[in-house]
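So, here's a batch of structures to check.
Two complexes, one shared chain (subunit A), two partners (subunit B, subunit C).
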Partner chain A sequence: MPVAELAFAPGIDAYEPSHRGEPILEVRNLAVAVDDGLAVENVDLSLEAGRTHCLVGESGCGKSLTCLALMGLLPPGARGVSGNLRMKGRSGAIPEKGPPEGLAMIYQDATASLDPLMTVGRQIVEALPADVPRRARRAEAEDLIAQVGIPHARARFESYPHELSGGMNQRIAIAIALAARPSVLLADEPTTALDVTVQARILDLMLEFQQSTGLAILFVTHDLGVVAQIAHDVSVMYCGEIVESGPVTDLFAAPRHPYSRGLVECLPRLSRQTERLESIAGIVPPLQARPTGCRFASRCTRADDLCSTQRPCLERRGNTGAVACFNPL
Partner chain B sequence: MLQSPLNRRPGGLPLLHAENLTRIYPPPRRGLLRRGVGVHAVAGVSFEIHAGEALGLVGESGSGKTTIGRMVSATLLPTSGTVSLDGATFTNPMPLRRRARVQAVFQDSLGALNPRIRIGRQIEEPMIIHGFDRDARAGRIASLMADVGLPHSILARFPGEVSGGQRQRVLIARALVLKPEVLVCDEPVSALDVSVQAQVINLLAELRSQHRLTILFISHDLRVVRHLCDRVAVLYCGRIVEIGPIASVIDTPSHPYTRALIDALPPDQPGQRRVPSGRSSDAGTDASTGAGCAFASRCLQVEKLCLESAPALRPLRPGHASACHFAGTL
Partner chain C sequence: MLRFVVFRLARALITIVGCATLAFFVLRMAGDPIIALLPADAPPEVMERYRTLWGLDRPLYEQYVRYLISLAQGDFGQSLVDGRDALGVVLERAGATLILGGVVIALALLIGVPAGTFAALRRGTPADHATMTVAIFGYAMPNFFLGLLLILLFSMQLRLLPSSGYGSAAHLVMPALTLGTAMAAKLARFVRTSVLDVLGQPFVRAARGKRLPELAVILRHVFPNAAIPVITFLGFEIGLLIGGAVVTENVFGWPGIGNLLVLSVARRDLAVVQTIVMAIAATMVLANLVVDLAYGWIDPRVRLAGGPREG
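The block that comes next holds the complex of A and B.
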């Protein structure tokens, strides 16, 4: 990838391919089974230090389930998970229970993800690595509170989640995630429920941490605006599968999959006021009624006979990116 | 831009007029007799909407958007101030026929529908209350289903059985069933996925031009407001801090808060760097603050004057007003 294409990325110097190390986290063939079938299938992901990979798609496409599966936190409805995980050179099957070391996650509803009966300070202390001595733990937690931009850290240490706003709680959630000193952070729509002004500050905060620690971030969102702001790489998910994957500039400038194009086009923009917004006709087929061929075929304007009988696989196209489509744009 | 022929008739009377709207939520009890202090959710808000016009109302959570929407749709009484439609003030109770002229669509479509009543019956109910006969009801529902793009089969289903986008269309159909002139939309697309959000925004735009609807559109997303509205009012702590034509407000924001809202939006394309702005504290929700500008504690251009006296909403250009002491020099 040419350096120039990446140089714009907010606050992060360009990573040249030759300078880019091995991926920190590689996922191969992730599948999650639920009662009605496979909710997530054939998902490959690769995360690199200091880079943000965005996972985009509509509700029910399996974005959150992908994160939860990686964390070993499958919801009660899930039957099982399969796939391989390679992290810092070590590889193995995806663990069914408990997160692999070095992985931390923040959730959409921060207030609900915190324990209402415990002070936020104690919740941070709890997440610190075991080798931090007992005397230093409180000071370290207060440090983290200050680092995530909350004033009066000492006083806030004693606060309960209900005493703080949604934005503040999301900062606490970030502090908890960072307390374990992860090398990979999974963020499941952490700003969707927040005001735009608060969202902007939370995203800035995550970027600052990424710059100073080289954190790899997997960021799940359905807001293409957020993708444009923070992503280096993007994977577009539809019906449990990744349909397009590549650098963020390619997705916005020249999306290859008709679904990706639809997503980019239907974003309302401040700089442009058109008579009509583009929209993708139809709805996402439910899990029980997924078509045998391409899962997007019934909503696609480019679909032909092949699309309704055969499933396209994710294939490399050109130098960058991959797309799962028989008739790519 | 979606312009209706009736928009901004020079000298014409506005269809809807909100004057000096104030709403104080009663304080919680503290102990047996003592009461806490009430929250001024909305303080002295005035605006007009002409027939066929769409006014956007933007602001952060807690700024009083929903409270204004509920007062305008006559589901909440103002503590003081009035809302009037065609010169006639809202009263409590309100005559049925006048109530039918203002209808509302809410964000939480699952919460706004009764989960145990079939969708068809819920759309029909307002017409039963207003005394339409059976044939008229069936005919109206059939034409509405076509208008909002729903299959007839959905009428026999329960709200929990259909998708979020379809439920939002059901809410729009139910709001339109009595042929209202004014539609209050409270964050109607915020809970929807982008592709469905685009469908519903397009639907609202179509319905607006087809039925010459007058719309009060409440949203926290300026991008959506830009697509649908002619004018926009920016709300902070229960007061309007800026109001004007949408293009004018977005291109030349004249209040530091409006600028902060615009700067906080994610970019349209990768590589358009957003500039961080504003101080990092959360928005207040109570308009009963002491002297000075309510935004002063978050404002980057704050001066001595801002802490001493609260700025009034003053016109800058025709139709564009701002409540900032330094609006002209921003």
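The block that comes next holds the complex of A and C.
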């Protein structure tokens, strides 16, 4: 049985059982090759309608690359991609040119992902499905602008990205993603560039849409605070691989992988009296110098001989979740 | 907007008068026009008469002030050769140069933009390398040399095209190729760089993520953004075109301003040379003005520069 299904098999987690069902999007064995090797490897993901799956990890661990690969939008530096994508029952290879229908993405840095020479309205219109009749397109775009909480939608339709604030542009980026009427939304650190109050409002907005449309969201972030707020499920990524995957409650209450625990312990807590903030010792090994064994071994306090020679696979451990570790907690 | 245009026009006027001034003094220091114009054995009294007639016996500063005053009245002086109005003489030739220039620009755009875009989209492939190698050949070749090669091939060997003259489309082919090749080649390289730069922008990736056809992504998002630096380049090239046409017009006997310029300098036809220099400066200035206006038209950030930021 595939790992992802084991991890989220019905009955294992009791939280919000009403949403449990067939995954709307399943990714198997996603790998992305770049010049120096495989930047992303063995990635399995499973998204369900109405639920948020957070992909967490340090910068450069392959989170964004994973999203771009699913969208068929890999940068020119990427050599190739392999793996399988199953969406709404139809399965096939990972797309190479453009996303499959029903998949939309909110990109890192909304302002840079908007064309500076085109009104935001036209950029939304462009993203509407082709079957929306010409006459209805503008009205529909204005509706979307209003729905993402921007006042004076009609006037804003004519605005250019440089005339709007970062938060506004992020709302426009959400409107563009929703214009395609996706069933799965990939959100790549959509709030990282925003200040905290704007961040909270953008998150609320996304969750509102999720509740009304049953959208499945893959939310990429390195901010565990955000994860705690919005996630149903979490996958922790390290060095291009998923090292732990499971319900969000488990990750915070009882992380199994030493790396996950490290991440959770890095969170400053009011209840804990410490002189200084925690951090995980050591550095992420560069792509060219990844060890043959467990990639976290050199930074891990629980590592033994096996860890430096053999690579652990993501396996179900205990009742919930899966972990790739020989000596899990 | 109006203030901007008025300011630019005033600055343009200063530039043009400056060029005329330079031409005025350089020409008069370069030798006595009377000697160039009259037969070598003309009697000294005749020479003296003409010198007085044309005001060349006056001190230089007085000649200059008179010249400026008549310029202000719209009088560009008279040709020393046939006594006709200098502006008229130049305008008569302007048509031929404008036709040549227009065709050259069209040729450069029609070849340069698709070639550069093609190379950028196939970056790093043999197709890209081949296109850029051809482009380097195109602009490394001196244009008078290319002109002579074309004459050798098409007029002497194949006898397909007239080697010089004016009046039919066949006459236009070789001069246009001579000037257009280098411009198209430079444009192709410029467009390639510019398109590559835009292709790497996040908003192009986002546009592709909208499931748009690739052609729509290129036409709607890549071209307008890539056009901004290309327009600057085109402005310079168009401004330089008349000057650049001098050699080509002479190689092919094309009766344009460049041809007239060489002729008039040899004859020391002061008023005509000065008028041509002003015309060239005016084209340059005009091309730059058009470029600046085009920025505003394409880029809303320029249009609203200094305006309030809403948010």
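The rule we apply is simple: the second predicted complex is superposed on the first by the 305 of 329 C-alpha atoms of A that agree within 3 Å, B and C clash if a C-alpha of one lies under 4 Å from a C-alpha of the other, contacts with A are read in each partner's own complex, and residues count from 1 in each chain.
We take it that a contact is a pair of C-beta atoms (placed from the backbone, for glycine too) under 8 Å apart; a residue touches a chain by one contact, two chains touch by 3 or more.
Small disclaimer: the values here were computed from a predicted structure and weren't measured.
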{"item": "Superposition on subunit A - do subunit B and subunit C clash or fit", "value": "fit"}
{"item": "Partner chain in contact with A:G89 - subunit B first, subunit C second, else both or neither", "value": "neither"}
{"item": "Touching partner for A:H222 - first (subunit B), second (subunit C), both, neither", "value": "first"}
{"item": "Touching partner for A:P133 - first (subunit B), second (subunit C), both, neither", "value": "neither"}
{"item": "Which superposed partner A:M168 touches (first subunit B, second subunit C, both, neither)", "value": "both"}
{"item": "Contact breadth on subunit A, by residue count: subunit C or subunit B", "value": "B"}
{"item": "Touched partner set for A:P76, first subunit B, second subunit C, both or neither", "value": "second"}
{"item": "Which superposed partner A:D109 touches (first subunit B, second subunit C, both, neither)", "value": "second"}
{"item": "Smallest distance from any CA atom of subunit C to any CA atom of subunit B, in Å, after fitting", "value": "6"}
{"item": "Residues of subunit A contacting subunit B in one complex and subunit C in the other", "value": "165, 167-168"}
{"item": "Complex contacts: residues of subunit A adjacent to subunit C", "value": "68, 71, 73, 75-76, 97-99, 101, 104-105, 107-109, 112-118, 126-127, 159-160, 162-165, 167-168, 173, 176, 180"}
{"item": "In the complex, subunit C residues that touch subunit A", "value": "123, 200-203, 205-212, 216, 220-221, 224-225, 298-301, 304, 309-311"}
{"item": "Contact footprint of subunit B on subunit A as seen in their complex", "value": "8-10, 58-59, 149, 165, 167-168, 195-201, 204, 222-229, 231, 248-249, 252, 262-263, 266-280, 283"}
{"item": "Subunit B residues touching subunit A - in the complex, by the definition given at the top", "value": "1-2, 60-61, 163-166, 193-199, 201-202, 205, 220-224, 226-227, 247, 250, 260-274, 276, 278, 280, 282-283"}
